[in-house]
Amino acid sequence: MVYFDHDDDKPREECGVFGIYGNHEASLLTALGLHALQHRGQEACGIITFDGKRFPSERHLGMVGEHFGGDLRQRLPGHAAIGHNRYSTQGRTMLRNVQPIFADLAGGGFAVAHNGNLTNSRKLRTELVKDGAIFQSTMDTEVILHLVARSTRPRFLDRLVDALQKIEGGYALVGLTGKKLIGARDPVGLRPLILGKLGEAYVLASETCALDIIGAEFVREVENGEIVVISEKGVESHRFAAPRPSSPCVFEYVYFSRPDSIVQGRSIYQVRRRMGHQLGLETPADADVIVPVPDSGVPAALGFSEQTGIPFQMGIIRNHYVGRTFIQPTQTGRQSAVSKKHSPNRAVLDGKRVILVDDSIVRGNTSKKIVQMVREAGAKEIHFRSASPPIVNPDFYGIDMAAKSELFAAIHTHEEMVKELNVDSLGFLSVDGLYKAIGEPQRNPMQPQFADHCFTGVYPTPLVDNEHAEADKERQLSLLDDA
Amino acid sequence: MVYFDHDDDKPREECGVFGIYGNHEASLLTALGLHALQHRGQEACGIITFDGKRFPSERHLGMVGEHFGGDLRQRLPGHAAIGHNRYSTQGRTMLRNVQPIFADLAGGGFAVAHNGNLTNSRKLRTELVKDGAIFQSTMDTEVILHLVARSTRPRFLDRLVDALQKIEGGYALVGLTGKKLIGARDPVGLRPLILGKLGEAYVLASETCALDIIGAEFVREVENGEIVVISEKGVESHRFAAPRPSSPCVFEYVYFSRPDSIVQGRSIYQVRRRMGHQLGLETPADADVIVPVPDSGVPAALGFSEQTGIPFQMGIIRNHYVGRTFIQPTQTGRQSAVSKKHSPNRAVLDGKRVILVDDSIVRGNTSKKIVQMVREAGAKEIHFRSASPPIVNPDFYGIDMAAKSELFAAIHTHEEMVKELNVDSLGFLSVDGLYKAIGEPQRNPMQPQFADHCFTGVYPTPLVDNEHAEADKERQLSLLDDA
Amino acid sequence: MVYFDHDDDKPREECGVFGIYGNHEASLLTALGLHALQHRGQEACGIITFDGKRFPSERHLGMVGEHFGGDLRQRLPGHAAIGHNRYSTQGRTMLRNVQPIFADLAGGGFAVAHNGNLTNSRKLRTELVKDGAIFQSTMDTEVILHLVARSTRPRFLDRLVDALQKIEGGYALVGLTGKKLIGARDPVGLRPLILGKLGEAYVLASETCALDIIGAEFVREVENGEIVVISEKGVESHRFAAPRPSSPCVFEYVYFSRPDSIVQGRSIYQVRRRMGHQLGLETPADADVIVPVPDSGVPAALGFSEQTGIPFQMGIIRNHYVGRTFIQPTQTGRQSAVSKKHSPNRAVLDGKRVILVDDSIVRGNTSKKIVQMVREAGAKEIHFRSASPPIVNPDFYGIDMAAKSELFAAIHTHEEMVKELNVDSLGFLSVDGLYKAIGEPQRNPMQPQFADHCFTGVYPTPLVDNEHAEADKERQLSLLDDA
Amino acid sequence: MVYFDHDDDKPREECGVFGIYGNHEASLLTALGLHALQHRGQEACGIITFDGKRFPSERHLGMVGEHFGGDLRQRLPGHAAIGHNRYSTQGRTMLRNVQPIFADLAGGGFAVAHNGNLTNSRKLRTELVKDGAIFQSTMDTEVILHLVARSTRPRFLDRLVDALQKIEGGYALVGLTGKKLIGARDPVGLRPLILGKLGEAYVLASETCALDIIGAEFVREVENGEIVVISEKGVESHRFAAPRPSSPCVFEYVYFSRPDSIVQGRSIYQVRRRMGHQLGLETPADADVIVPVPDSGVPAALGFSEQTGIPFQMGIIRNHYVGRTFIQPTQTGRQSAVSKKHSPNRAVLDGKRVILVDDSIVRGNTSKKIVQMVREAGAKEIHFRSASPPIVNPDFYGIDMAAKSELFAAIHTHEEMVKELNVDSLGFLSVDGLYKAIGEPQRNPMQPQFADHCFTGVYPTPLVDNEHAEADKERQLSLLDDA
């Protein structure tokens, strides 16, 4: 069990997925794809292939590069594979909760991995257990597996449609049978899933950066409510939900996706830079230097600098060697844990009026520590700028952020926040500014183009279970307490 | 994965079980009990407890002493526990096939571990999968779990009875719910299970030696076809099968049980000593010394010596430090792998006429090597004696022995065996001699007092699946190929 | 043994050192200090303390955060400690070559760790072995230990002076006895060592960033040819070499030191930014965007942008999750290993004239791959700029760079380099430009202010052994071949 | 670090040694030889070879079978090898104290391993350290290494003689250079060393059982005060001490050597059986059954039975699966730790008058627990017999037994012992009886044929250091406290 020194002030995504069909190095390419998606989850990783007869599988706690080096073609042979990265928490994860998960169905093997969260999984799980189902994990994904196993329809695809029509929430899933690679995206399109091509092989992935690393071409996004079935016959498309405008999660733009990924045709890097432009317009400040909180604040800080003409400098250095949490020396208690990840660059900060740019503020703890660190390094004034609007509502679709009672902007007034952070001024990007940066003229209040409930409280789907923290759910979902 | 230098000429039991209810050190006592039962399985071990709310659990590859040292009261708290030892094979075992296994049923948690083998598990499994059940292991035990989960009867006990009435084979199982410790033994009583008492607590175990190690008293054997339910109210007894004479596996007397255990009121040590008496009567030989193949041949060799007056000597030394298989030096190829476990004591053997006593002959490979070793140490004559009758039929109730085509006595005439073993004479105990040694006047051919099919071909239950090797079954039972 | 995906085109430092005297959390503060110095060596780490009686010690392969979490105050108690980070290589390191190393001398225990390289260690070692010394490692450091042990002078300090007067080369060492913390720097001052203060405790470290992380104040640099002795009496200074102008290694400015460190009163970040200014002046180019090779190229690229007005953008994304080397898929062979560490940000590069800024070019392999990657991402023109002069000579003082025959600039003409790199233009900072950026009016050819032999061929000390690669030396230094 | 459930009532040998010259599978044969010698030390093991150029080496904590499986021909190539088993303690052992140890001498590499203890090592070590030697371990063996390194004589053999003439104590050593395999035995011949032959190859080993396992022939014992040098030229013999009668340690007969080994032409098994005969003559008792404490008490118990006609039975069962110590349940405190290694066989003991036979009594703790266990199993009378005389003096030659103040027979009268053990009678073999059993007419008081100081107080060599416990020595020998 490894405990990481997490920055718990960042939202955390529940996972990245990858799948490939039609390449004899399927597991190797999946490992590379998952490596490119490592930012979406560092807690655990798994790959399963189909070798023509059985489903070789490996699941591990830890990161892709720690476990999937060496010659995967021998360990995980086959022309088709799916893989998964799981996000990292402070606590332990049991191996039984690592994906992909597998079932021997009457018609053959079926493996599945997904990114996202079902909002009615608890309800469905309770019904299934009443009906004699035995769960081996506490993952939402397993609900889908049981629904498929119990569908009475003869065709596998129809059984999957049966299952997907019963579940609610935001998800992108990849599945593997002895004959097919399958991708599906929830009816709203909350979680991302794209289709790519590498020679004759087809690829599914959470982000385009996973295509880039293996040299695959982007084909298109999987649509909301769509199932793509990839087999010897090529790609087939099926719908399991009526067409409607999609409403992808806006946090892919704000924080989750890698800056070099392209989402809905837009460069994440350029969107974030435009957030900085917009932020410079909306919340200017008289200052000597613009300093990003690295690495996620860099593009917005550059945009802010371009907009305002104030010089951009690396006033905070990020330590690349972050491992286990260090015990805090008691004598020098003023130094907090965050100082091991970020170091102040006094030569840039001392005596300066500083605009600090970060992508967002969640609980506010990290922001406070960074402000204190910058102040101790001699900054004369600190103007904190968040490249996203105030986060005032929790997410229920797979983002592990915080309960409402812990959200900094939900429980404080602007004045309180300024005082708590100990800054000279504080500015957030407006919701409309965010939409503009993404490339929309403005937010459509009747039918928002993005799932922006964390900023606005408007949720794109019903919330059946309405539970909050993964930790709570797990305690209640299973009575088993294994190591 | 650890590979042991197995003596593949011995039958191997499928497991030992232990359970306790009503002691605040339940996990600790379970670890000790499993340690005493270690001879029944060295491949893997597991313990699960109920702490009043959840079911803390640990399952490991390897032996009890390697994993369950330290303070189990903290790691596995609770007043009730069950545990399991799994037998050791040449090949790998997946953690998913380590018991006890657990399910969150609609009525609460249920953990189960069993010793034995179902003879219709494949058939039941296929039906369950067709009906939407998802199996997480390839173990028979999980079939029982699914049958309980799917029973429509309201009371837990009735659901368990439902399940047990559907299965065939030989088994002893221990189960744990939030309220009860459960023990059950198959209708024929093939696999052993006893009830003991430690202060106010009740104990279930495969053998009495597990009671001795914790200072518990023997109460009685669980009967064939009986379920015992231990709870706050004490012990209740239920029957799930019509009463009939039991027919316990005779190999508990011949090989499996520890010499200090008491089975059906009989000391295993004394039974084996009497086998030696009987063997001395039936197959005497003119010799200078009686030498056991240690340790299992010792009691019979002592009995043989007492009967015949020929001195007993330790002519073969057993090495206590046996680990991984060593690579065989090529130059000295005559030395075989077995020589690392047994060493000849030349001072006893050289120039002597030797009676070698072993408990049984299965494939004959080990016997051949031992004979060769004794001969190279200077023995003038070797008279091989097996303290059990010729093994000519395979077992299907949880003993991993060999296919019929590999059984030495099944495929050779007496003359061929003498020649193959390279001995001066060869003798087996007779079936009636075996019964006499155990304390029966003779075998009742209409209703044999013991399951002696390996010697006689008379199987006590129908053989539905009729499959032989665990390895084969596993390959076919699941398409998953995990590490 | 862990193999990292190294960027073998960067020079690699031989280590970081840290020491503290007079704080009851000495080991904890040493772990933090080493963590801040992790960039100086990732291969192995060690800490030794003095607990008033014995010298508790731990040495590990791997990084500080992997091994020195948890409560070090219990594992490594004491008020004084020294620690060491060792640099990372492609190959294996034996634990016997991890520092600090320790000896029981007649007068008591002595532990030592050093950064740097002796240029006459082979000669000294041979003499010592002839005289009966037994070496336990192949490290230079152990030569010092033996010289101290064999000195016939009565005072420990005199024995140390004896030893230091026999060795040649560049080094910064920290030592620990039962009474003293010791720091020493070679007569030329090649390797850095600074003195700090934390409350009543004194600290020695390779860089100021190690003071910052524990909240200590910078006192002064240890001088070239100086020994500082820290004890209950405070700090004493001794000289073991005649005073002369120092000549610190210029690569601390170019690459080794962390950007937030202060060396000789100069901010490393600002020096590198001025290298970018100077580079912009000396080698301008008509372009659309300036892109750093992250992270080490960022400050110079910012300086180049400030000087030229061409916008700075993050056109290359650095992957933070770099672990073991991945096997390269054969089908997609064009993708090279480096692509797993750096990803092109196509949105910034496509169709653009790009100025790529890196800190240096050593072998050229990484530069070639990065250029190819940027070109494949659509760059119209690529102008490569190195923020340091051409590297044309090897180092012998502890920098693992390359043999002369592998140095890109040593074996190619400018035209060849342009062609090999496949760039539109190539520019290096001039040696005088480098001096200016550091803050000197110009290089003093009679007495260069810095050890700049890699650029100029002027070595500051005699090269006795004149050997090149650590690997070679090791093969010859000991006949032992352990794991 | 693994802690074993030791029987601390047994003396413990300091190690087994093995060496071979002239076989291309040298490391493999060494591993097998060490496996046969595993009873002489289970704490750690090591093998070093010479491959024609370097000395491949592996040293591990734990047993031979855990570490030296697999293909050693690749890992440890070469035609010559030496190896070592280290005995097992309750506490930790540092890897730096695992043998063989190696030094790069001026003339080439030299590896050495030894069994035994120097009685003047502390004195020599202190002198060597004063003279500038740096020790890497706290092992006596390293003293020899330094003495060889510092000898000024030109020939290697003379340097070794120099070293051996300086040391006192009991030892058997094996050494390896690039040209030679060396064996040496102390002037008194305390520790055993034999010479064997396997084809063209020569073998050195602590006991003949190590020859048997590889099929080698016994040639002769190495004499006391002899150095044998094995090279391409065959075996040469040298003396480093004046001839005198040898005085081997009598505990090889009593306890250390394996029953199938031949020492000085005598079968250990038969000697122990005769000890039982003698014990039966000297200390008869009226009883129903003779029960050995297995395994070491078995031959003497058989001999006792043969002498007296009282039947021999296995009344105590030894558990073969002993690993880490289990935490003792608090409720059932009467059960003691020893019960996990030995179990009573109630069917043999209940209602019987029992003669318990063990090889020796050291501290008496185990004996007390076994007596209690046998009594609780229903024995009516217990007559304890020790097959060796009372141990009243400590050893200083490599046996880890106890300080005098802990020796049961040294601090109690016969009556006290009877009471403490809670037995009906207690008998020890006489010293003369021991000599008779070995085959001597009687002990020669002027020149005892064996080192029997533990029984008689007559030590065969001067005791220079006169220190007792290894633990104490280690604490003082080095100030380093590493993991």
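Note that the chains are named A, B, C and D in the order they appear, and that numbering of residues resets to 1 at the start of each chain.
Definition applied: a residue touches a chain if its C-beta (ideal position, glycine included) is under 8 Å from a C-beta of that chain, and two chains touch if they have at least 3 such contacts.
In this text the structure is predicted, and so the values were computed from the model without any measurement.
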(request) Could you work out which chain's C-alpha centre is the most distant one from the centre of chain B? (result) C
(request) Would you kindly tell me how far, in whole Å, the mean C-alpha position of chain D lies from that of chain A? (result) 62
(message) Centroid from C-alpha atoms only, then distance chain C to chain D, rounded to Å. What do you get?
(response) 50
(request) Measure off the straight-line distance from the CA centroid of chain B to the CA centroid of chain D, and report it in whole Å. (result) 36
(message) Give me the residue numbers in chain D that touch at least two other chains, ranges are fine.
(response) none
(message) Can you work out from the touch definition every pair of chains that touches here?
(response) A-B, A-C, B-D, C-D
(message) Show me the residue ranges of chain A that touch chain B in the complex, using the header's touch definition.
(response) 51, 53-59, 95, 102-106, 108-109, 129-130, 132-136, 145-146, 149-151, 178, 477-483
(message) Quick check on the complex: what are the chain B residues that touch chain D?
(response) 5, 23, 25, 28-29, 31-32, 35-36, 38-39, 42, 63-66, 68-73, 198-199, 209, 212-215, 258-260, 262, 267, 269-270, 295, 298-299, 302, 306, 311-314, 317-327, 329-332, 334-335, 339-340, 343-348
